[in-house]
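Per-chain numbering from 1; labels A, B and C assigned in written order.
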Amino acid sequence: MSSAAIPQAPLAGADAPLLEVRAVAKRFGAREVLKNISVNIAAGEFLTLLGESGSGKTTLLRLIAGFEEPTTGEIWMSSERLDTLPPHQRRVNTVFQNYALFPHLSVRDNVAYGLRVQGAPKKEIPSRVNEALAMVKMTEFAGARPSLLSGGQQQRVALARALVNRPQLLLLDEPLSALDANLRKQMQGELKALQREIGITFLFVTHDQEEAMALSDRIALVRDGALEQVASPREIYARPATAYTAQFIGQTNLLRGEIQRSIATCGVLRWPVEEPDGPVLFSLRPETIRLCADGKRQTHEVKFRGVVRQQIYGGSSELLEVDSGDGQLLRVRLPACGPLAGELDFVFSIADAIRVLD
Amino acid sequence: MYSRAYKTIVSAPPLLWVGLFLLLPYALMFAHSFWAVEDGVLVHHWNLDNYEKLLTNPLYAEVLFRTLRIAGSVMLCSLLLGYPLAYYLSFHSGGRKELLYQLVIVPLWVSYLVRGYAWKTILGSEGVLNGFLQYAHITHEPVSFLLYSPFAVILMLTHIYTPFVFLPIYASLEHIPRPLVEASHDLGANSFSTFFRVILPLSMPGLLAGATFAFVLSLGDFLAPLLVGGSSGTMIANIVQTLFGAVYDWPLGAAISVSILLLTLSLLFFTQRLEKRWSFK
Amino acid sequence: MSRHSPTRRSPLLAIYAALVFAFIYLPLAVLILYSFNRDGVGGFPPLHLTLDWYRQLFADEPIWDSVLNSLLVAGGAVALSLTLGLLAALALDRASFPGKALFRRLVLLPLILPGIITGLSLLMLVVLSGLHLSLLTVLLGHGTALISVATTELFAGLQKTDRAQEEASLDLGATPWQTFWRITLPNLKLSLVAAGLLIFTLSMDEIAVTFFLIGRDNTLPLEIWGRLRRGITPEINAVSTLIFAVSVALIVIWYRIRMRSIGAEAKQLLQRP
């Protein structure tokens, strides 16, 4: 493939993206599954498409793989138009949700499949297959039928099968969702290590926000066929742009209130802000609220008195539900501290109340 | 994900073939039914005489009613044999289920002709049954009314279609979630009311499919009457066959064929509607 | 899980079921038994057993000619209807074209319509086209009528296979053509074998359509049919017994194939976490 010879598009500069999704929309009949999506992926990046089921994240993946055609918009890879190519001519490979291993072929033949159909030199195939199997530690299962493997092992074969083709971009469609919790954690670690080692760009689809946080360089949160926010895990958690993002990633308290003359008022809570008057919504993470044992607060803090309504013990931490008065309930996460009851003083830093869009 | 070329390559040959070898022949049949025969020669002279003949000549009505009666009896008998068998296999056969199921399936693969022939040898006046009856001193003379009668046709077709009727009923019984039956018992219903209130309604789609199958297949049969029916067991398809063969009145034969076709299709349409109503989905 | 009620014994029902089995199998048993009876069909009890009728059958050339004819027709019908049925199933599964609903119904018609109607309709086409009635017209008739069986069976097979398999193949760089041969067909292997066996048996046994399309050379069922008019001899019992034996052998083969694949599937299910 000609594009393989060109390391990066020379004209566009060194930081030109590997993949550009330009204003892509997709309709199935009357249903608009993707609405005007634009996103870039840099070479070597691990980008995660995070969203609820039905949000359109898998459709975007299928558009990039070539199983669907965009209704409008374009997809470019390495400065070449991608969306007009049939799937077998794209230097993109996919790890499918249920692996889609060919049941009638052995593990070795599954991995060799891509090389064979593309007419790779016969002498080269065995060594490349072995290399790929070694990379995922599956060498000893080369002769087995996929149906005899465990879920985790099938997962590794699917990875090897996709990677043996040396794609420029690897698409992973909820690859870990069929595994149980422990195996999942382990595979997450291996996947991340593998990606660093081989340096291939990963586009990963998941509905699991913890998984997205653990793996990604950047997260693209998809909601109802549109991008809600694209940012690094730390950024997206610390500075959610919208109420939806704040609630989808981690837990939060949404405080609805009003700004009048540079004072924000949400129920009994009041603090100074430098923003124009009007209705406002803040996200306040439960762990940013602390107990205020001595009753004193710093100037940049907000103090309030609340009644503990419920306390849920979570091992290393406690989750409280605190009534700050007027029936306003706030979730507070504290380090494990033993049973609490009655009226207590709490504080949080004004900087931790993040203004979000509705 | 499939290109236009792919879709064309897979759909064009079967479309052409089906158009040429199914649609065209059926259309020819339809056209013939509006043509006429004059002096033993087919003329393409459009008319409704054939259908008029069908409606006015009482002979056709008589044979049609006999055919419906025979087909109805076959349907009823196969249901009476097939349903309890399916119910027994599905709910009461325990570990022998798979083996017994196979035993019902095997005759499905056995030649229609072989099975019809078997009845002919059994029922004939020189046949096995008569031999047995005389040997056992139940009768002294051969009983001759067994073969060449509507009864023989019904017996033969019931024998052939019972496994056909069994299959869809068994499938729908197997699809009934067993906890439903347990729930019914748990709520105080005995086996009898559980059957009539839970199992029978949920197996209706299979029952309807089986019944339609037996009825429709018997309706157009002309081989069983030829084999074991005699003149009193003549059915509507035999008339068609005679009109096409011996009498050489293709248009009239075509008109009867079209009538059978329409009857069959409307029956299928009707039961499909019923099946949908009973499918609870 | 408690299963008291569903498996509770019910002797009456068991007796009834046994009677139905007797009704299904007694005629076949009688048929087979009398193929060994020296004194012909009928007469009771069949005391003198002999293989004479089989000897006579093996020397009966017209029968074996008709068997050969039937094999030719059935082989051709399998090839024809599997090819067209496979394409039709793919078209129904993946393509959309005007008249698709009509096409689906039309393909299935021979399955539900009385054979006489399909047979006569095809006869009209043969007459119209000026062809002579021969084994070829029988083959065309069988092949066309049995596309219905092939399409149903293969469409069901396609529905069961995972579409992601083919996507994975394209994704790994295989062309649609390579994907068809390397993935789609192997995935349908079982359905193809099943449909093939079923079509073969149905064609070997077909009378209603054949009746109207046959030329000078008889197929086996029509040869037997012709002889029935002349009277009954145990030779027909003998050939029927052989047909029965071959049918049962085919079922056993089919079962072996299916059980093997079911076994593999079960193993797969057990080992999935």
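The rule we apply is simple: contacts are C-beta pairs under 8 Å (C-beta built on N, C-alpha and C of every residue); 3 or more make two chains touch, one makes a residue touch a chain.
What you are looking at is a predicted structure, and each value in this text was computed from that prediction instead of being measured.
Both chain B and chain C are touched by which chains?
For chain B paired with chain C, the chains in contact with each are A, in label order.
Based on CA centres, what chain would you say lies at the far end from chain A?
In terms of C-alpha centroids, the chain at the greatest distance from chain A is B.
Higher C-beta contact count, A-B or A-C?
Answer to which pair has more contacts is A-C.
Looking at mean CA positions, which chain is nearest the middle of everything shown?
C
Could you work out how far the Cα centre of chain B sits from that of chain C, in whole Å?
Centre-to-centre distance between chain B and chain C: 17 Å.
State, to the nearest whole Å, the distance from the C-alpha centre of chain A to the C-alpha centre of chain B.
Spacing between the chain centres: roughly 59 Å.
Which whole number of Å gives the spacing of the CA centres of chain A and chain C?
Here chain A and chain C have centroids separated by 53 Å.
For chain C, give me the residues that contact two or more of the other chains.
If we look for residues of chain C contacting two or more partner chains, we find 167, 170, 176.
Using the touch rule from the top of the page, what residues of chain A touch 2 or more other chains?
In chain A, residues 66-67, 86-87 touch at least two other chains, as defined above.
Would you mind listing the residues of chain B that make contact with two or more other chains?
Residue numbers touching two or more other chains: 1, 3.
Per the contact definition, I'd like the list of chain A residues that touch chain C in the complex.
65-67, 86-89, 92-94, 96-98, 100-104, 113-114, 117-118, 145, 147-152, 161-162, 165, 179-180, 183
Provide the residue numbers of chain A that touch chain B in the complex, in ascending order.
Against chain B, chain A makes touches at 66-68, 86-87.
Spell out the residues on chain C that touch chain A in their complex, using ranges where they run on.
The contact residues of chain C facing chain A are 162, 164-165, 167-176, 178-179, 182-183, 186-187, 189, 264-265, 267-268, 271-273.
Can you name the residues of chain B that touch chain A in the complex?
1, 3
Which of the residues in chain C come into contact with chain B in the complex?
Residues 2-10, 13-14, 16-17, 20-21, 23-25, 27-28, 30-31, 34, 41-45, 84-85, 87-88, 90-91, 94-97, 103, 106-107, 109-110, 112-118, 120-125, 128, 140, 144, 147, 166-167, 170, 176, 201, 204-205, 207-208, 211-212, 221, 224-225, 228, 232, 236-237, 240, 243-244, 247-248, 250-251, 255 of chain C touch chain B in their complex.
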